[in-house]
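Same chain, two partners: subunit A is paired with subunit B first, then with subunit C.
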Partner chain A sequence: MAPRAGRLIAGVFVVPVLLLAGCGGGSSSSNTAPAADQGPQTGTINVLGSDNAETYAPVIKAFESANAGIKVNYSQVPFDQFNSTLQQRLGAKDSTIDVYTVDQPRVSQLAAKGFLVDLTDLDAKTKAATSQASYDANHFRDKLWSLPMWNSTQFLFYNKSALKKAGVTPPTTDPEQRWTWEQVATAGKKAQQAGGTKYGLLLEQAEAYYQLQPLAESLGGGSGITGPDALTPAVTTDGWKKAMSWYGGTFASGLSPRGIGGFQTGPVFSNGNVAFFVGGPWDIGVFSSAKVDWGIAPMPYFEGGKPVTPTGSWSLGINPASKQQGMARKFIEFATLDTAGNLATTEATTIIPANTKSEAQYLPRLEKLAGSKSTGAAEIVSYEASKTAVGRPVSVGYIQFEEVMGKAFADIRNGTDAASRLETATSQLNEAWKSIK
Partner chain B sequence: MKRTLLSAGAAVIGLLFFIPLLWVLTGSLRPGSETFARLSPLSWDSFITVHPTLENYSKLFTGDIGRATANSLLVSVSTVLAGLAICSSAAFALSALRFRGQTAVFAIVVLSFLIPFDAIAIPLSDMFRDWNLTNTFTGLVLPGIGNGMAIFLLRQFFLAIPTELVEAGRLDGLGWFGVFIRIYLPLSRPALIGAGLTLFLFQWHSYVWPLLMGTDRGHILGPVALANLQGQNFVDYGVVFAGAVLLTLIPLAVILGFQRYFIQSVSSSGLK
Partner chain C sequence: MDSTGEVSRVGNPMRTRQPRRLGKATKAGRATKADRAGQPGQGRVALLFLLPALISLALLRLIPAGVALVDSFFTESLLRGGRVFVGLGNYSDLLGNADFRKSVGVTLLFTVIVNPLQIAVAFLLAVLYTQRATGSKFWRSLVILPIAVPPAVSAVIWSVIYRPDGLGNSFLDLLKIPAQPFLTSTEQALPSIIVLLSWIGVGYWMLFLIAGINDIPDDIHEAASLDGVSPWRRLWSITLPLVRRPLAFVLVADTVSNLLVFAPVQILTKGGPNGTTNLMMYDVYNRAYAIGDLHTAQAEVILLVAVTLIIVALQFRLLRGDDR
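Right, the complex of A and B next:
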């Protein structure tokens, strides 16, 4: 006997109501208060991050041998899903995460949501151990929420043979002799015309705020966020409009290629297809084995503007739901405030340590990483950190900001008029921030 | 003439579907720095390499992907075994037995596969976390074993089994369990294989659930390990493509291996 259609249909419509009613009645039993005590002195702590396990293997090894009885278990979550997975698990008070890596511009949002343990008692130690920009990046509402692990900057990489073929004298490593974007565009075009490379210029993260903020800041355009609560968009300033019009123009003229996204850009440089490439310290390691002959120079600025470079990277924070906060604290202090510990976090991956003493030991290593090609890297890193570095804005609305701006950059890259697209971004930001104001 | 044109058209369309796959395969046999090097302009060597290297595959096995593939296999096979036992029992109850509320139960089953799993994954993961099932194989397998689609497929197949066979079995003294084991299951091999494949692929492809449940090195699954290859500052696309090829080959082998049972299933339903 086949089920009668009427009964089946009734079932299909009634059951969801029951299911929904059931869902409404259920409540999460995980709403426990954050653990007040520091937990056991020995055991295994869980660290969550988006880097591969090899990155943390040296620091974990060093920590475990210095702290008998404490083991560290590192889990990797794919970078693209890291923030969403983290939010979900922290929101559910997941006590299986003790320590996690914190993207510095997200400190304010994570702290505002109660996803970070207050570390203000380590304030003085942190201030002594790191640069002012790193120290500031981990603060929100006058409290310290995470400890800075790494730092970053950007370089202008150039293809030596392509510039030689075009008869262009390459830029030097001297920050005082830094090239302007206009100079880079002219030289890049020459290299294209001479047939040395297919493209003239490429930014590693062509649609990322991290890399494009310095363009607007160089022309005095500001960070793009203003107001006492840092929830007022300011991306239609003259500086922003001018910088983005220039940026859109590099794609329209064929100086930069469209359609190559995110971190697919590195291979374009290492294959010799672009004359100038703006990238991070990690690229020194990556390009060290490239066949193309290259050199480095400081990141350019706009003619008539001031040199500005990006900074900031990842920090370590403690999950308030962790039941092992004592051990977690020991680990993050070791990996950030301890010179040897912080240095160990940069052993497997090319990245600048945030601890100033570790940085001093690290820079000579970076300088030699790619032989003569990377000569001058250390000087550039030190100069930018003290003179030109500007961090990303601290705002509880940063996540939405980054997302909205990322889409605007993509559109500008693909040919949308910069000024009108920035207007659209402003209204999108106002809409997105309405609920958190 | 028309037939030839149609065949040629079909061949071209087939080839167009094949080209991206070929590119992935070729990319996996090239050094990562050359992955995007030959794309513009497109030429024959964008899709074929004359100097293949297995370097990406050897790199692959120094990382997590070897273990992750083994974990994925373990989770998928366990899901198929446990899932078939549960789904076929449920389908049997919904087709051979008569009980009050049967229609409502069937409606729930139909509904369960209309709701995307990702939509319930987050609240479900909160429950699993409370039960301490994070980073356990049990936590990874459990959501896959009660599959509404598999129950539905099996039930439809079971409904076509002649009731005379059941009555004869009952007269000969078989209990309901005997009828299920000795009559229904042996007659339903193609449907069981179809349902088993549904269960296998559900687990093999699952991404959100393993992210929420198990990302430690001991419990990492293939798709998560593949995504992990995409580093924050640098991506070796050669290795990513090699991982993608490896994770495609296993379900491909399973599907090709069981292909003849599908043909059998189609032809036997034609006889009825």
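Right, the complex of A and C next:
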């Protein structure tokens, strides 16, 4: 038996080690100036993103017909695994990724790790093409690292027939008449009791910082990150504690369902199982074909607090390990800075283009997308962008922040006491950020 | 990642066979030592044949393992840049980390429950399906079937079963049992994962035990039945002692594969709620790729290997004691 043990043990030892091999850590040197070698003029470039391939089909088609000899191959990695997959492949200097989609709050860390090509020579062009917020979101240490493709906001969708059955007058599209979360909870409960829907309220990304930051910000809780280098956690403020205990309560009371995660949430609304649903512009397109009769209103805020809505979305960046950076630049410029190109990225999936000229052409289309149901959407988008939008914090520690907070939100959703869980998150953040400082 | 777990599972039986063959070869070699002296090139030829295997062994296993070990003594600052030697700093950081300690606790609890459970069920099923009964081969195939499904796909299937409005609760409702929270509760999440893993694993381990049981000479059983030994006694005094070798292999291989469980945790619970399913393998992944602290993750890999070695060594100790 002894020799057996020896071999087995050797086997045991190497398996987990293999998992981490081949992915040497990212170098911390920042990339300066575009590489001298731009690679071939024609060929196939690889684009990696988290959306389905249909989303990019129109822009790829338009780009390919405008640039003979360049083909674009898009691959999708599901959102849940996207960031870790990127971390893994970029860390291994994988040259088979030329262009990838960049979640805007992650720009700083990706740039600091040397995972993005410096695009500062496109600075003036970018500034002219997009809003100030979008322009800022793609900068880190005064350099431009990615080009803004999309923008976002959130709406409150409601199930018209369920509210009618419960005798509730639905909210209007007027941002000045915006409902409070307390009103939504009461009305949602009524709809549940009247038997109209199984649940009262559901947030599309129920465990994501993007959608939950506005809750804390509405109560003056701040973004959760402070300090001169934006590496000090601040998630135990009164605003955060109050917002999160309210949020945990919506699951404890059965107003919201537990255990339905990620992107399984949309169908709960389109199948008529929830009275209120907080979601993005993309849902207007998705829900337009739903059998449920629905309406749209601005995202709620807390009573006594101020209205705050999320913003920001995906940008496009270039992998420094790419051997085809010339073609890659052509593609990302086309998909973001070119009016028609940027508009094409929003053709298949409903999302707000970041290019200001494209947005002007896009909003009337959004307004009509779901007939009378989406009337008022364009007005809400413009209002939120100028008055209530608060971006996610810019910090090199954002990636860790989002991961740690995501787990905290999941636990709070499943019944853990919010205040103590936020304390735990604070110490987890301090641990995680130790390796950055 | 899932496939790696799979490979380790499938790979182990092969690895255990190899030593025997090699052992015979060396004995044969010794016998003909005199002949070999006349052919000095033979050793070199043998080495040449072995070279591809040795190179891949070094390239794919030994070097990465070495890199992991070395990396675990360093740290890298994102803001300041540069690799800094910290000695055992990453290890002491880990040991001082409450999440890591909880993860070790969860992994040990999981190991203590899942392995005896899977092996007991696999053994009982193996005994059942080696009885000469109609349809036993058909039922046997059904039990083995889940092996054909990749672990990640199984996890997705079970995520639908475990959803609060999913199949699991609909089934319980038929039996008039109230709805259960499954993966969203700190008490039920780990057992839910154990059920899923057993659904996949039991059939696989059963295969080895069936082979072991079929190896028992029929005349022993015949002699026992002539002596009027009860079936229970036969199971206890004949079958169990005679399948001890395959059973030992199954115990060790199952333990190792369960210590490396990753896909279901990643897909179903992400280690939650409150870290109750945060098995070490997932914690390593999380530290390396979600948090991005590769060096501490390498240190944790080394500790995971250490935990695995201790458990496996302990198992061999116990089994060897039995042999004498």
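One rule holds in what follows: the second predicted complex is superposed on the first by the 401 of 437 C-alpha atoms of A that agree within 3 Å, B and C clash if a C-alpha of one lies under 4 Å from a C-alpha of the other, contacts with A are read in each partner's own complex, and residues count from 1 in each chain.
Simple rule for what comes next: a contact is a pair of C-beta atoms (placed from the backbone, for glycine too) under 8 Å apart; a residue touches a chain by one contact, two chains touch by 3 or more.
None of the values given here were measured: they were computed from a predicted structure.
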Quiz item: Which partner does A:N83 reach: the first (subunit B), the second (subunit C), both, or neither?
Solution: second
Self-check item: Which of subunit B and subunit C A:I260 touches, first, second, both or neither
Solution: both
Quiz item: Between subunit B (first) and subunit C (second), which does A:A68 come into contact with in this model arrangement: first, second, both, or neither?
Solution: neither
Exercise. Report for A:V396: first if it touches subunit B alone, second if subunit C alone, otherwise both or neither.
Key: second
Exercise. Please work out whether A:T416 is in contact with subunit B alone, subunit C alone, both, or neither, and reply first, second, both or neither.
Key: second
Quiz item: Touching A:A53 in the superposition: subunit B (first), subunit C (second), both, neither?
Solution: first
Exercise. Jot down the residues of subunit A that show up as touching in both complexes, subunit B in one and subunit C in the other.
Key: 1-4, 7-8, 10-12, 14-16, 19, 23, 28-29, 85, 88, 198, 260, 264
Quiz item: Once bound in the complex, which stretches of subunit B touch subunit A?
Solution: 32-37, 40, 63-64, 98, 102-104, 106-108, 110-111, 122-123, 125-126, 129-130, 134-135, 159, 211-212, 215-217, 220, 224, 227-228, 230-235, 237
Quiz item: Which part of subunit C faces subunit A closely enough to touch in the complex?
Solution: 1, 4-5, 7-8, 11-12, 15-16, 18-19, 23, 60-65, 67-68, 71, 75-82, 93, 97-99, 162-165, 181-186, 248-249, 252-253, 256, 260, 270-274, 281, 284-286, 288-298, 301, 304-305, 308-309, 312-313, 316, 319-320, 323
Exercise. Can you check the complex and tell me which residues of subunit A touch subunit C?
Key: 1-5, 7-25, 28-29, 83-85, 87-88, 91, 109, 112-113, 198, 229, 257-260, 264, 396, 399-400, 403-404, 406-407, 410-411, 413-416, 421, 427-428, 431-432, 434-437
Exercise. Could you please specify the touching residues of subunit A with respect to subunit B in the complex?
Key: 1-4, 7-8, 10-12, 14-16, 19, 23, 28-30, 46, 48, 50-53, 73-81, 85, 88-89, 92, 94, 96, 198, 260, 262-264, 266-268, 270-271, 273, 280, 282-283, 286, 290, 349, 351
